[in-house]
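Chains here go by letter, A, B and C, matching the order in which they are written, and residues are numbered from 1 within each.
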Amino acid sequence: MSSTYRNFRNSVPWLILLLEAVFIILFYFLFSHDHVFINSYPAFQDVSHMVIFGFGFFLMFLKRYGFSSTGINLLIIVLGVQCSVLIDLLILLLQRQNEHNLERLIKATMSMTAVVISTGAVLGKTNPVQLILMTVLELIVFRMSRWINNTFLQVADNISMMHVHLFGAYFGLAISSRFSEPSPRSEKNASTPKSDLLSMLGTVFLWVFWPSFNSVLFERDRWRAICNTYFGLAVSAVTAFALSVLTTKDGKFRMAYIHSAVLAGGVAVGYAAHSIEYPWIAMILGLLASVIAILGSYCSQRCLNPPLKLHDTSGVHFTFGMPAVLGALAQVVLLIIKNWTDLSSVGYLVMFQVGAFCLTISIALVTGFIAGLILNLRLFKTIPVSKYFDDQFYWEFPHLAVGF
Amino acid sequence: MSSTYRNFRNSVPWLILLLEAVFIILFYFLFSHDHVFINSYPAFQDVSHMVIFGFGFFLMFLKRYGFSSTGINLLIIVLGVQCSVLIDLLILLLQRQNEHNLERLIKATMSMTAVVISTGAVLGKTNPVQLILMTVLELIVFRMSRWINNTFLQVADNISMMHVHLFGAYFGLAISSRFSEPSPRSEKNASTPKSDLLSMLGTVFLWVFWPSFNSVLFERDRWRAICNTYFGLAVSAVTAFALSVLTTKDGKFRMAYIHSAVLAGGVAVGYAAHSIEYPWIAMILGLLASVIAILGSYCSQRCLNPPLKLHDTSGVHFTFGMPAVLGALAQVVLLIIKNWTDLSSVGYLVMFQVGAFCLTISIALVTGFIAGLILNLRLFKTIPVSKYFDDQFYWEFPHLAVGF
Amino acid sequence: MSSTYRNFRNSVPWLILLLEAVFIILFYFLFSHDHVFINSYPAFQDVSHMVIFGFGFFLMFLKRYGFSSTGINLLIIVLGVQCSVLIDLLILLLQRQNEHNLERLIKATMSMTAVVISTGAVLGKTNPVQLILMTVLELIVFRMSRWINNTFLQVADNISMMHVHLFGAYFGLAISSRFSEPSPRSEKNASTPKSDLLSMLGTVFLWVFWPSFNSVLFERDRWRAICNTYFGLAVSAVTAFALSVLTTKDGKFRMAYIHSAVLAGGVAVGYAAHSIEYPWIAMILGLLASVIAILGSYCSQRCLNPPLKLHDTSGVHFTFGMPAVLGALAQVVLLIIKNWTDLSSVGYLVMFQVGAFCLTISIALVTGFIAGLILNLRLFKTIPVSKYFDDQFYWEFPHLAVGF
């Protein structure tokens, strides 16, 4: 099977180049420069830095998969951003909409977060062609889901964008259910202290830039979004350390728990960051998100994943999925509390919010499942389980990686 | 004794969670959002990046202490920033003061520099509970010291904040004097080329962001502060390389000297960055700071520390302490030169400046000594000397760290 | 010979300190603060971060040369920026020019890119004194070349600055031709997976900040320059992955190709970034640049370098040199297309552009050759071939670097 993939490999670059040629041709017809005030450029750069650098290194915890984590992450992001901008421009043809290119680029980069999160769920189990196909499919479906939210459920675009973590996590999980599980005795599916440190580097980057991510699309309540996200993240980091001690045998810290729980607060606060009126609410959300992330990953390794035959390499279900569910619920509760005097309008609002949430998660699961089936077609030469989590399958090594 | 700590460990997370619960309750009563222009947000982010990422990796030079350096650094910073904001808000109840939340957050993050520097002095010798307690104590005392400077000595708040390095270094040294020295033959108290490289990563980050740190609190003379700091840092980096060759046996560069001396210039220029009129003055300050940092650490290993039985893990005395003393003296001299025509007013000014300096250093030393005594109470289960500088005491390792 | 250098080493720090003393004295006479709006400070910081951190880690791919790559890079940048600011101020005495200090600092840091690229060509083959001398010489010659472009060929200063990659690459190659080649069996002239990962860290940083680099000097068309550079870089990254598979034996990715080709697009787009009207043009430029970078480095290892006896450690010829040539040609072609209705004025414009290009490359080659001869004077104690690419020759190691 490995030799099948080797023959296949020679067609990979032509596929990539073909895709890029199509993109350039579409850019020729659709994209032209505009004049904008570039006040948001630093915010765009923060988001770009998060996605390319932060996630690239965040996913670098596998001991023999560092090159792919950061390299292929870069490849799918640069392809995905172009693809996402083009989808946006195609929709523009159908539907008049006045948006600046910078805003478009920011949204394209944010959408890529969904793809990168999905990548985390199948990390090391897919070949580059499958990942590129997944990127294109996921971006189209996520844009479609946002468009439905926008048009039929009257959810503002900057709020529907906050579904990005939810969508990415469940799309990734659904895909991952279609891939065979790695052998439980595989020693490649583990981290070393060194790879954990490099992953910590990415985590800290994500942590510092997360307030920018949650606030970049909100012009008016930007400072409030920043402040809520900061405190939510802070409490979730504190809780991560405390719970990590409580759930391990010797009462020691566990790096893997900390990596994921530290960010859970930012995900949960995302939905309501711009509207939470008191930071203590954001702080409690951060605390709950961290609890869910750690207890979740503690339980799922024992009870949830084995019967479902799910293998979620970077634990995206509990780092991004569940905290996003919590965030969406919290947003609804906060909405009810805020408008409880006017029950009729609350009814409408809540219905739309819950509808948007259910719709997004359903689309993610169904299309993810279908995408998983497509990716497993013989055409795409699924890699054999024995070659999972291995850089040497894709990368030329300068020499045998003894000290690696 | 190790087993004592193990039993104790189970109460650690409850202590952390209790603290966090208190913080959330206080936030409930004290903190509410405001509307601000967020022009200073990039500057806040620079400072936040410095403290969390820069110092986290700067302290990562010990070969078996990388997880704790960066991980526990993150823990104490997120706890400390909340604590520091709350102290500020409590003082606000007593004393009317009009400050924006963003300004409050920036000051809280800057105050954390003092704690991180103190951490550097006891790195690897304290357990997380002791560090958290130290954080809370130090923030209270430092705020008190700034308040006295403000109220009784009429030192502006943004200038009294610049005492942060001075306070951090001497508080840390005083605490460190209460901990037993590591065994001189301990091979864990050393760096590897790899840990030195990661520490260099943090150092370079700190270097690039230092001009933001020195200028963030000065609205009017901001550009001057940036420019002076940049040139001060540049000269101190050059001098660091030159002196590093002069003080080693074979005429080779020594990484440890360069790590510390490269930053000394930024510390020394800090006090007067906004007021130095010609950058050559900042450059000479940078040169002197670097000389002090390298000669100091060269001598202290030989003459100073052994009789005093002081063990200063990251050499904060000569990276942050002495350059800050130099900076404070330079500020006084510059003040005299500037106002020598009006001797009466100079007398007043100098008296206040010298008073502020003496007060800060005395408070740091006295309270640091007391804090050291408190931290050594049996209640806090001091870790045994044989377990110093060892990640495995606090962290679960994926497997035996052979290549680490 | 090694012992000769050892004796020589004792004079190295005095040379550095002497140079620094001269700089401080010149700053005393020439530099004073001004008041500026510091809107460009974030852009300056991006460029500074790129040069110090990005290039420092980008050059870290050699397995035993990490300390020197990042450390000596810092040393020559801090010296070089001061030197470059002073050259600017000296020219100011002759020629009235109204520039802010911040603009001066930004240009000084950008000019350092040329030096850092030249360093890449001789990485591991020069001692620090040779590098410092090279820095000073190159900055003087590059400023002279920009001044000629400015005065006699009427090329605007922000456009002549874009010759920085071209100049740096060919100056470095010309110098490198004067140094003996490393032994082909030298195992130090190679990378490990770990050093490749740290180099990837630098590459990703450079990638994210490159749009800032290309746009910082353009006030009016800044957003256009950012957008063109971003898409140019994106396509060049995609192409890099595709071609990397096509040119290796097993159809695997090769890290070294990706490091260089990913950035080629940014270099090629640099010249015309502010004036390209449609991003698809920038995208095609990025594609061509990536093709040139990879095919170039593929061929040069086989056909070009052996007969010329050229050894180009980091492949700057094909990462920065050839893409810059492509960019310059593209700029001329775009100029002709844009103004083809008015042929007489086009003639003038093209002549000036081509003249500026030929002049810059000739000056770079000739002065680089001369500089190479000077650096090889016995006075500067060229290091023996057996000590190439070795940190231990310059740096004290904490202990024998077993796991390095």
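We adopt the following convention: contacts are C-beta pairs under 8 Å (C-beta built on N, C-alpha and C of every residue); 3 or more make two chains touch, one makes a residue touch a chain.
Everything quoted here is computed from the prediction, not taken from an experiment.
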Call it same or different for subunit A and subunit C: same when shared residue numbers make up over half of all numbers used at their interface. different
For subunit B placed onto subunit C, the superposition rotation in degrees, Cα atoms, nearest 5: 120
Find the geometric centre of each of subunit A and subunit C from their Cα atoms only, then give the gap between the two centres in Å, rounded to an integer. 35
Multi-partner residues in subunit B (2 or more other chains touched) are 42, 194, 403-404
Touching subunit B in the complex: which residues of subunit A? 42, 46, 190-194, 196-197, 200-201, 204-205, 207-209, 211-212, 222-224, 226-227, 230-231, 233-235, 237-239, 241-243, 245-246, 248, 250-255, 258, 262, 277-280, 283-284, 287, 403-404
Hey, which residues of subunit A end up touching subunit C in the complex? 6, 9-10, 12-14, 16-17, 20, 23-25, 27-28, 31-36, 38, 41-42, 45, 48-49, 52-53, 56-57, 60, 66-67, 70-71, 74-75, 78-79, 81-82, 101-102, 105, 128, 194, 198, 391, 394-399, 401, 403-404
